[in-house]
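See the structures that follow.
Next, two complexes with chain A in common: one pairs it with chain B, the other with chain C.
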Partner chain A sequence: MRREKQRVIPPAERATPDLDSGKYLVMWQGPQHPGITGNMSLRLVAEGDTVVDCETHVGYLHRGFEKLMERRLYMQNFPLVCRIAVPEPDFNEYCYAAALEELAGIVIPEKAVWLRTLSLEMMRLASFLMWIGGQAGAFGHGTIAQWSVTMRDYVLDLFEELTGGRIYHMYIIPGGVRGDVPAGFYKRVLETMAVVEKNLDDIELVMFHNAVFKMRAEGLGYIPRDWVDHYGITGPNARAAGVARDLRKDSGYLAYPRLDFQPIVGTESDAYERARLRLGEMYQAIDLIRQIVDMAPKDGPFRERLPNPLYWRIPAGETYVSAECTRGEYGFYVVSDGSDKPRRVAVRGPSYTHAVSVMERLVRGVNIADVAGLMVSLHTYPPEIER
Partner chain B sequence: MNELAKELAGRYGARGWHDIRKDLASVEVDAIRIRDVMAYLRDEAGYGHLSFMTAIDNIERGAFTLSYALRDHDARRGLIVHADVDRAEPTVDSIHLLWGQAWTYQREMREWFGIDFPGSPRVDEEFVLEGWEGPPMMRRDFDSLAYSDATYAERPGRVTHDPASHMREKLYPEAAQ
Partner chain C sequence: MDIKDFIAPFAVWKRAFEKPFTVKKPIDERPGAPRYRGFHMNDADACVGCGTCEAICMNNAIDLVPAAGREAKDGDSGLRPRIDYGRCCWCALCVDICPSGSLSMSNEYVWIDRDPDVFRYVPGVEAKPWDGSALGYRRAEGYRLLDEDRVPMPELGHAEAVASFLELVRGYSRAQAEKEADRCVSCGLCIASCPAHMDIPGYIKAVRDGDMDEGLRLLYETNPFPEACGRVCTHRCEEACSIGSGGDPVAIRWLKRYIADQVELSDYAKALPRGAAPSGKKVAIVGAGPGGLSAAYYLSMQGHAVTVFEAEEAAGGMLRYGIPEYRLPYPALDKDIGYIESLGVSISRGVSIGKDIELSKLRTDFDAVYLSTGLPVAYGLEVPGEDHPRVLDGVAVLARATRGEELGLGGRVAVIGGGNVAMDAARTALRHGATVDILYRRREEDMPADADEVREAKAEGARLVEKAIPLEVRDAPDAAGEAALFIWNEATMVQKEPGKRPVPEPIPGAVREGRYDSIIAAIGQGPDLSFIAESDGVPVKRFRPVVDSFGMATRAAGGAPVFAGGDLVNDRKDAISAIADGHRAAIGIDRLLYGKGA
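Moving on to the complex of A and B:
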């Protein structure tokens, strides 16, 4: 039987605990803590072992990316943008490259469209494999993390072969992609997908049918459907609440309109439902990768010729390009004043709202031991908050 | 001009409607009407999703341009609303009652640009720059390199290249000449 959903405390009900009363304990979870995703802190106020108040503190990874980009040439910013989200850098590359192409009026070759889609779906799978290890680990299942990180490494092997880099790829660049697929690459992609898929079957059996995981995750971190628009919730967190939004379908960028898939939608909107939904999206990513391998053009150019990057001036204008990353809407807002450097670049990461406004509210009323599991169930990356 | 552009112009004096691409447009409004405009767009025009808010420092004309990016998921289109605010006294109405995450963006803009949003929750609390005593760091007249040179000591034995000139000399020597 499903545990009763945790009561959601609306913002107006936020109580200010009287810390001098001696009834409460203030504690910091993070920035160095195994139950924190990345370098972030939660300042928790607990009464007994129940959290009554929470504040998210960020800034431990702030490196001023957006400021740095204003003093670098457009092309010099590529080594920067991929570092905004470590486990999932390719979405930064795509959004930034697509924004520049739109402002500069560059149309990329058909083959590049497919290779970008392949790269993004491989990244989605690798990122989810990292996430599921964290989600299982937060509830005491260390074995799952060992399996999934091994599977992620197999996907990173493919990235290394395709791009030369395991973590930061800088593969998607303005005009297309940096290189063609190596000989026999698609065959190795399919072989790896078969291995990962088999492992996902094992994870599904061991993790999702485990009584402890079900008891702790069901009912935890319930997101009401009407929060989705109010808090700007996107991605699996919104889809688990029954909102069928997926930019891959809704915006129709890259090769997604030609791929056969439907957004996976849930109903229960708790930590267990979000985990299940993401597992479904991992299978879906494998399916999409197989479709891409089947349909991608095997010949033709993979990159459009660009002006000399040292003297590349982008016409004045602005645009906002977004993509569906594993956590939701990821976007780059780029403003050009016609010079060789961006006037302003603003990055929209889904963690911005999920880890701050949503997390601070969801965590109230939760047992201290479940805070880590709840946080991972929102799938947050602090660097995209701080940029 | 489409119906929404006419409606915004008639009701709120909006101007400068510009179709950036087929599913994205921008429009300018007066900062003093921003809350009314955003409430109208959310409640009556279908733009229920606030993607993000940010500011651009247009120092040459003494203004910050605020950008509010909205999305109508049903119609699959986006709208960027611009509002200029005086750079010398940057104060704008808060929209935290319209969208639950807006206060975080406003807190960020307060810290990064020095723009005030009276009434916005925790707007004066530090966001990412804990212990920062310099000027708002995203302002164009804040030179991060000069600040770094003045604040931090040189590391002996470390060579620093200007990225652009280094790239020219090493990667494109013909272009550098």
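Moving on to the complex of A and C:
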């Protein structure tokens, strides 16, 4: 027996609460909320312990990346872009590099294609491991976070070995990648994957076969399927609603067309279903990493030689490059005017849709205690809302 | 919801007795990965202080600061990068781009200090515990942001080259020049090492931008001989080039030539600035070499009326009479001189000061005089038989070749000496079909000639005899004065004083001889100061006029002030130094004429 889905309140039924009536409590969640939902805030209006109105407030993390990029050399932006989405920087690096390569007409070596794919899938796994800790923690299950964040650190150890950095890898550089895999690296990747997989089995047991988690997550934050196109919902949030949309399959970038996988699709479209789907994508990422280790070329160059980065000019043009990150479609729109700096860079982070428009609608009618869990179930990263 | 959902969560307890994942610092240490990007290290001796790290740093975290105990010198600014860890983002682009490869990073994770100022330090100069760490971020094998390989210059093949006087170096195409210009990092170390302090990064930028007019304008700011210097400059700049600290230096000389070659002489006037209004002052210049004509150019730009007196029948000095056509074709030199003449500079050819006109008369007729007569007198071999008719003077041979006279060198030629004149004479003789031996008293690496010249002379077929001390020239038997025997003593190099270059010592009994149709002595030249009378008041010390920092030798009463420069005065004895001297003297003369200085 599954808990009933949360009813989505249509705009027509929504009344503006009369705050002077004494019936309502106005409260703020954030911007100091601990966890990955921090750095943005929600102004909640509650009647009893039920939220009746919500307004999202963003801007606490605005660092002006897009504007900064317009006054930096193309290569100088390479260490900058990764900071747009802190827990998941590699997708920024990939989209930025791929956009420049497309505009400048550069074809990267085969080995770089595979190492980029490896880096992105390892990032996906690490990002989901951090997320699942947050999801469990939001419902009071702190133990899961202790396990999963440890597993994430094991993946970050691999990143440290491959790229020289744990959080900001700065590995996917325009033209290819910054270095070959160290000796014995693939062996350690496979060992770590085995450890992570075993831990995922434990997490699956205690988190998804858990009465408390089920009671709180089932039916919470139901996203009707027809919202997907209306709001531009992507990633696991869309797939949990039954829309088999995955850029890795649909646009076939990097080495994905040569890897064997199918997008995971759900039906129930609530917080529990989304969590379950993301767990499935973690197993899928481990499987993809194993395939990449098996198929990646062992020899050959890993970077194409580019012009002197101090004067690198890219012919005038514009392009949009996107990739499937853990939250959905991540994209960079880059305009070049023939000079040595980009004319305009616009970043599409999926959290903008999920954390602002969708969140405001879903939170109405939810118990205050479930707001954080709902927010995490949409898997949003405020830093990518504010570029 | 079923019964499992109530029981399964208790599975967490099975982990309660497991060893924790965490590291108990400081009891346990977990070192960074071998590639970890920790704190910076710099090999301060390999670093040249070019500041490319500062240029690429997107956070302005790097400043080039004076480093204790380091002085600026050619190819080293004396500065070293200081990293500000309040700004650094550990991206390591500085390591990736470092031309000398001196920058790297340790794999140190943690650094704690109560004093916030210590987090801004000069790696390699201020000692840190992680200095010399073998681990940490390094540029990966095969990965560089800069191109260490020079774009090869198209040249004639050696067989083809030696068969004619065609120009050996063909010049860059536009694509080649732009690619080569892209290697420059605009550090400016070259500017300091160039005697004329040319704006090298500026004109290389003009090549990248395809703006030849701007390039030419920048060249003429400091050097009115871009065609000549673009071919035969001694290019000290390339020895200072920061890119050369980890690869081939940027081909600065060829890029200069590329700019000058792209603009027709008829278009020069459009690109270059116009001179000042006539000042009414007259300046005499003795010697129409690169130094004299440079002074003429800059003086005429200031509006002064300039007359250049040249003893030879054509202007250009050593550029024309000392450098063979295959290195510096006459049309290229004529282009440089032609532009200077087009500004109204008058060149009186075939007029010798001291013979046709006295220096004292110039001092009366003109408002200032500049002497740049160079070093026209060849040194003798100073061995018995040096006046043998088959012993020729290298500079004279080159001058006769320029005039198109028959050289009559014969089939076997010995060239004595290791300088550029020796190489030019040897390669000229090769082009006249001779077999050539170059005899030098020291080793090949001691030769004052450009390494390129030596390499090419050998490639064209000259035989190099090292450590040969001349002993005597004798009449060859049965040759009736048409050939000579050159006798030399084999030497060994002896390090007499530490820190000084080794000295050749003759090996007793190792006397060799060779029979040659001509023996070309090219062991150096000296000045001809016979035209300077004591009454002219020009101070002379060790066969050189003594000058001040503007090149002024005298402003004694009884005539116009006298300036001097070029090979006559300086130690460098190359065209670019003479050009720099000419420019400097022009500034000095201009200040004096307008009462502005000295």
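Here is the rule we use: the second predicted complex is superposed on the first by the 381 of 387 C-alpha atoms of A that agree within 3 Å, B and C clash if a C-alpha of one lies under 4 Å from a C-alpha of the other, contacts with A are read in each partner's own complex, and residues count from 1 in each chain.
Operating definition for what follows: contacts are C-beta pairs under 8 Å (C-beta built on N, C-alpha and C of every residue); 3 or more make two chains touch, one makes a residue touch a chain.
These numbers come from a predicted model, not from an experiment.
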Fit-or-clash call for chain B and chain C when the two complexes are aligned on chain A: clash
Contacts of A:164 with chain B and chain C, given as first, second, both or neither: second
A:211 touches, of chain B and chain C: first, second, both or neither? second
Which superposed partner A:258 touches (first chain B, second chain C, both, neither): neither
First, second, both or neither for A:198, with chain B first and chain C second: neither
Touched partner set for A:307, first chain B, second chain C, both or neither: second
Touched partner set for A:386, first chain B, second chain C, both or neither: first
Touching partner for A:346 - first (chain B), second (chain C), both, neither: first
Touching partner for A:320 - first (chain B), second (chain C), both, neither: first
Partner chain in contact with A:187 - chain B first, chain C second, else both or neither: neither
Where chain A meets both chain C and chain B, residue numbers: 72-73, 76, 308, 310-311
Residues of chain B defined as touching chain A within the complex: 20-21, 23-24, 26, 48-52, 54, 56-57, 67, 69, 73, 76, 78, 80, 99-101, 103-105, 126-130, 137-138, 140, 144-145, 163-164, 167-168, 172, 175
Touching residues on chain A, where the partner in the complex is chain B: 11, 57-59, 62, 64, 66-68, 70-73, 76, 102, 227, 229-232, 245, 250-251, 308, 310-311, 317-320, 322, 329, 331, 333, 335, 343-344, 346, 348, 352-353, 356-358, 385-386
Touching residues (chain side chain A, partner chain C) in the complex: 1, 72-73, 75-80, 143, 147, 150, 153, 157, 160-165, 168, 170, 178-180, 182, 202, 205-206, 209-212, 214-215, 301-303, 305-311
Touching residues (chain side chain C, partner chain A) in the complex: 1, 4-6, 8-9, 11-12, 15, 21, 32-37, 52, 55-56, 58, 89-93, 96-97, 105, 137, 140-147, 182-186, 208
